[in-house]
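Chain naming follows the written order as A, B, C and D, and within any one chain the residues start at number 1.
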Amino acid sequence: MAVHEHAYKPYAGPLTPVWSRFLIIPRHAYRDVFASKLYTALFALCFVCPLVMAILIYLHHNLTAMAALSISLKDIVPINGFFFQFFVGTQTFFAFVLTVLMGPPLISRDLANNALPLYLCRPFSRAEYVIGKMSVLLILISAITWIPGELLFLFQSYLEGAGWAASNLWIAGAVFVGSWTWILLLAMLSVTISAWVKWRLAASAALFGLFIISNAIGFMVNGVLQTRWGGLFNLTFIMKTIEDSLFRAPNSAGLPSWMVLPTSAAWIMLALFLAFCLFLLTRRVRAYEVVR
Amino acid sequence: MENAINSSVEPLASVAILSEGSDEPAKLAEPVIHLDGLSVQFGGRPILKELRGELRGRAIGLLGPNGAGKTTLIHTLLGFHPPSSGTAHIFGRDIRKEAKPIRTQIGYLPERDSFIANMTCVHFVRLMAELSGLPSEAALERAHEALFYVGLGEARYRQLGTYSLGMKQLAKLAQAIVHGPRLIFLDEPTNGLDPPARQRMIELVRQIRDSGKAHILLSSHLLRDVEECCEEILIIKDGSIAVYCNLEEERRANRKFLELETRGDREAFVEAIGSLGCEYALTSERRLKLVLQNDVDIRDLYQLAGAHKVQIRRLNFKRDSLEDIFLKAMESGNGDGNRAAGMREGGK
Amino acid sequence: MTDKPDDHMIVFEDVSKFYGEILGVNRVTLAIEPGITSLVGPNGSGKTTLMNLMTGLIRPTRGRVSVLGLRPDHPEVFFSKVGYCSQFDSFPSALTGFQFIYSYLRVHGRPKKEAQELAWKALHRVDLLEAAHRKIAAYSKGMRQRVRFAQAIAHEPAVMILDEPLNGLDPMARAETIRLFRQLAEEGLHLIISSHILHEVNDMSDTVILLNNGYVVAEGAIQGVRDEMEEHPMQILIRCDRPGLLAARVFEQDSVVEAKIHKDKHGLFVKTRDADAFYLLLNTIVVQDGLNVESVAPADDDLNAVYQYLIGGGEGA
Amino acid sequence: MSVSTEVIAETAPSTGRPWSLWGRQIAAILRLEVRKNFIGKRAILIYLLAAAPILLMAALSAEIHWQQSRHDNIGEINIVFANLYEGLILRTIIFFGCAWIFMNLFRGEVVDRSLHYYFLSPVRREVLVVGKYVSGLIASVVLFTISTAGSLVFLYVGLGSSGGNYFFDGAGKRQAAGYLAITVLACIGYGAVFMAIGLFFRNPIIPALLIYGWEWINFLLPPVLKKISIIHYLHSLAPVPVPEGPFAMVAEPTPAYLSIPGLLLMTAAVLVLASFQIRRMEIKYGGE
């Protein structure tokens, strides 16, 4: 009988390419996420809207179906920029819900158990860490926003023909960029909050509150000062403005004209905001707090 | 790209490992850690001052008073803090330029208890292995291997949060060795462990050392721990090296000092010892110290003991050599850095 | 109360503490005399619970605890006699070492001047004078440990309860602190100290309380505890070349019950019921077989061994 | 050091004239707590909250300043401010400000694991409660009276000369005093409630939000229930009655000579409750 000595041995096998390392984090995160029924159900729910819209598109081009329905769908729900803007709108809402649920524990958990040294003592940089944590959301949200969006677009242009596609290519762009602005905002926001607020519930609340409060402040400033620039403090309003400009539907909410913000201002505010988040993150994501 | 680096390193490694056997080739081999005027400051306050030296030992004990910069040194070598001036080389790689490739070669057991919540131990160690660049399956294998090695049995399927301090420490050790590093930093590995757990940890460190496959830098406040698992010691005092020397040589140095504890009528026995020409001192009614003359052997002592019906209850060479070294280093100023260098040359 | 006889002792009367279903300590009855008493036992064996009970941070589920005949119900008197250095390594935010100690002395009700003197005295004792005006947040682990210790003894209590006070201290600080403990013990104070480092406990403490799973498994002077355990034969470690040969020889004596060769093949553990006879035998064996003895040591007349016997674990061999 | 004598030396006063001792102890607690409330990272939020209304009013006053037309109808502006005060300052800023300050008094120390230093001092837990409450009161009153006063200043500055007249000769002074009084009372009342909550609940945010909701829907409640809410008493003190609208409450306003003692009575009750709770409190810190 042979006895096998289990001594310490170094690892000589192949290593994974460096660029792909940050994906390890989302991969492991999803293992836990989809272990929970709630999340899986919610995630499934996020695909209801795309499905419905796919059906609508299909009906549009299925003459028999059109005939069957006495009223003509074409006038009720025309497939145009608004159609897709509505789509992005709904999906980003779901994205928000997902973020509120999944965002908070991302980094706070590691900080609470000071796990960061364990990540950073490996060939794994702070940037990779943050990107990895963010991509947990990036990927998930992408899967429910622009990816199905573009698919819908392809589906439509396949049925409608190249001409439509050519003339409406901007919509594809709008869907893509519009989704990404939200994705970036949400991911960055939740990661930052998660890095600063230890306690999960509070973090969720903060994420929620930020939108509501900024909203309130925005309008209060507007109301009190009789000005429109309060909108700059209003995250939702900023995002709305950007969406509108992307989908060439200025002021789709039909606000009094004096409230409408210039798009450029909105973009700048968004950029500033993201930059600020990034700054906060770098303050917190460290192997060790250096006390002076 | 990582692979390339590895292959380029391997031969070097083999040299290092070969050299473990005998001291001679060690000089030729690449030093494990080469401190090259390494200095670190926090907010203008110097923490490490111009550290210089070549560490080669298989297990190096890192000692020093609180705030001397032990942990800072480890952190700097890991690339957590940038050196304010100078640098260090690990396996010949510059920590300033090649932090990543270095870190693939390093395992680290942090002092504060750190883990990732709601994860089973296996999952945790596997994740850590993957972060070190192991492919998923290999990582899983290695994770189980490492956990088996540190002796976490069924417990490895339990949530880390439920672990006792000792188990957490073992889990931390597992994650430090899972990717098979060639240099392992252990920062106070026995801190807060109860005696059995502590002994277990020390055993493991010894085994890793004796495998000769990895070098160990162990920082601890318990001289006993260091004495039990380290061959060389590096003592840091307010930011500079006070001593770097080889424990074995130190021990051999005071090999002639013997401590005895006896039972039975020892008068005659002691006189007899004296008549052998050994100086002796009676430290208590049962204990005595004596200096062995070259021609005298312990067997002779037993001869006498037998002759005088004396029991030698306890017999050992002066063991507290490390304590001596440490205390000496502490009272004498930093001028000792030179002495350290001297010792290093003398040592090899 | 009828505590008169107890008023120089710390008394546990049949004390149990449960956290919900979790057992803290169970049915503990103790009377602790002045001097250094060490609490030893695995993590989670109830050391901290015992200490928290003494200081009224938690209340016993059953039984009574009294310190020098006092109860924490009367904090003004009780806590001016008791100092507790807990293991929570945490501080009120944004204080310097001096402010920390000074402020709480004021909370004790000490007048400004006295509080300052006491604070400096305490800081001097733990040798933190130069760091006194730095923020604690910037202290090293050992310094934090020391400043907490200082805070616990600043008001010069008669009973000091110290939960792993040596944890994280460097060798000199350890030696220094132990010396301080001894000195205080000489002055007739109670020191209740928990520690994992058996050889240090061995050296410093007058009595030891061994805890396991919330039960007191042994108490008293270490030597005494050892002698209690007659059924455990004496264990001796002989480090030498050719331990195998030695092993073969020692069995000539039937009082020898066990001989085990050390892992590294350079030593032999011998268990004998008659130590005297064995040592005499050893003399002859060494001479006759020309054995090269490195060292001889009774492997178990210390706490370590007691711990082995009563609590067990991977220690030794 | 002869310990025995030490002990005698300073147990004497404690048993002898406890009041003086308690006085000194409360002073000491204040010394610790007040600075903790004003500096440290937890305080930042408070400053932001306190600053918000001032900034807002500053902007507003600037705005008004340009529009000469609005200078005359002070009444309208008063109402705007009344709304602003009750809606923003009172119900939001002061509410959450107090929530933050007073909950952190104990909960914060449990989180920081530093409460045991108090529990290990020879100080009665009741004394500790009083000390901490007062310290919280100092912090909140100072900050929020400043922010109330600040907003008022900008209100009248914005109105220029007419504002000046209104303040010095008109009803301005009385109203200002009223607002400040409400602010102080609010701190007293909310403070006690939130400190108690911080003692009773593991994570106090939820109860806090519940109360927030309760205070808001207060104006829907039948008069009986109204009585068990702080805003009720405060609202009835409002110097400028707030007209119909989301903030309005339809109820017979309790006269000041009733509402103020009522409020204080409630506060006292809550404090007593808190002292009972803290007597039974054990240090666990979740860990261990």
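Throughout what follows, a contact is a pair of C-beta atoms (placed from the backbone, for glycine too) under 8 Å apart; a residue touches a chain by one contact, two chains touch by 3 or more.
Model, not experiment: these values are computed from the prediction.
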item	value
Furthest chain, CA centroid comparison against subunit A	C
Which of A-D and A-B has more C-beta contact pairs	A-B
Chain centre separation (subunit A, subunit B; CA means) in Å	49
Euclidean distance of C-alpha centroids - subunit B vs subunit D, Å	57
Geometric centre distance via CA averages, subunit D-subunit A, whole Å	39
Sequence positions of subunit B contacting 2 or more other chains	none
Subunit A residues counted as touching two or more neighbouring chains	291-292
Per-residue overlap in subunit C, given as positions that touch at least 2 other chains	none
Complex contact set, residues of subunit C against subunit D	19, 48, 52, 55-59, 75-84, 86, 88, 90-94, 103-104, 106-111, 151-152, 155-158, 187-189
Contact footprint of subunit C on subunit B as seen in their complex	63-68, 111, 164-166, 188, 191-200, 203, 221-224, 263, 298-299, 302-303, 305-306, 309-317, 323, 326-327, 330
Contact set on subunit C toward subunit B in their complex	41-44, 140-143, 164, 167-174, 196-199, 275-276, 279-280, 282-284, 286-287, 290-298, 304, 307, 311-316
Complex interface listing, subunit D residues touching subunit C	1-4, 6-7, 10-11, 13-15, 18, 21, 24-25, 27-29, 31-32, 35-36, 39-42, 109, 112-114, 116-125, 282-285, 288
Residues of subunit D defined as touching subunit A within the complex	56, 59-60, 63, 80, 84, 88, 203, 205-206
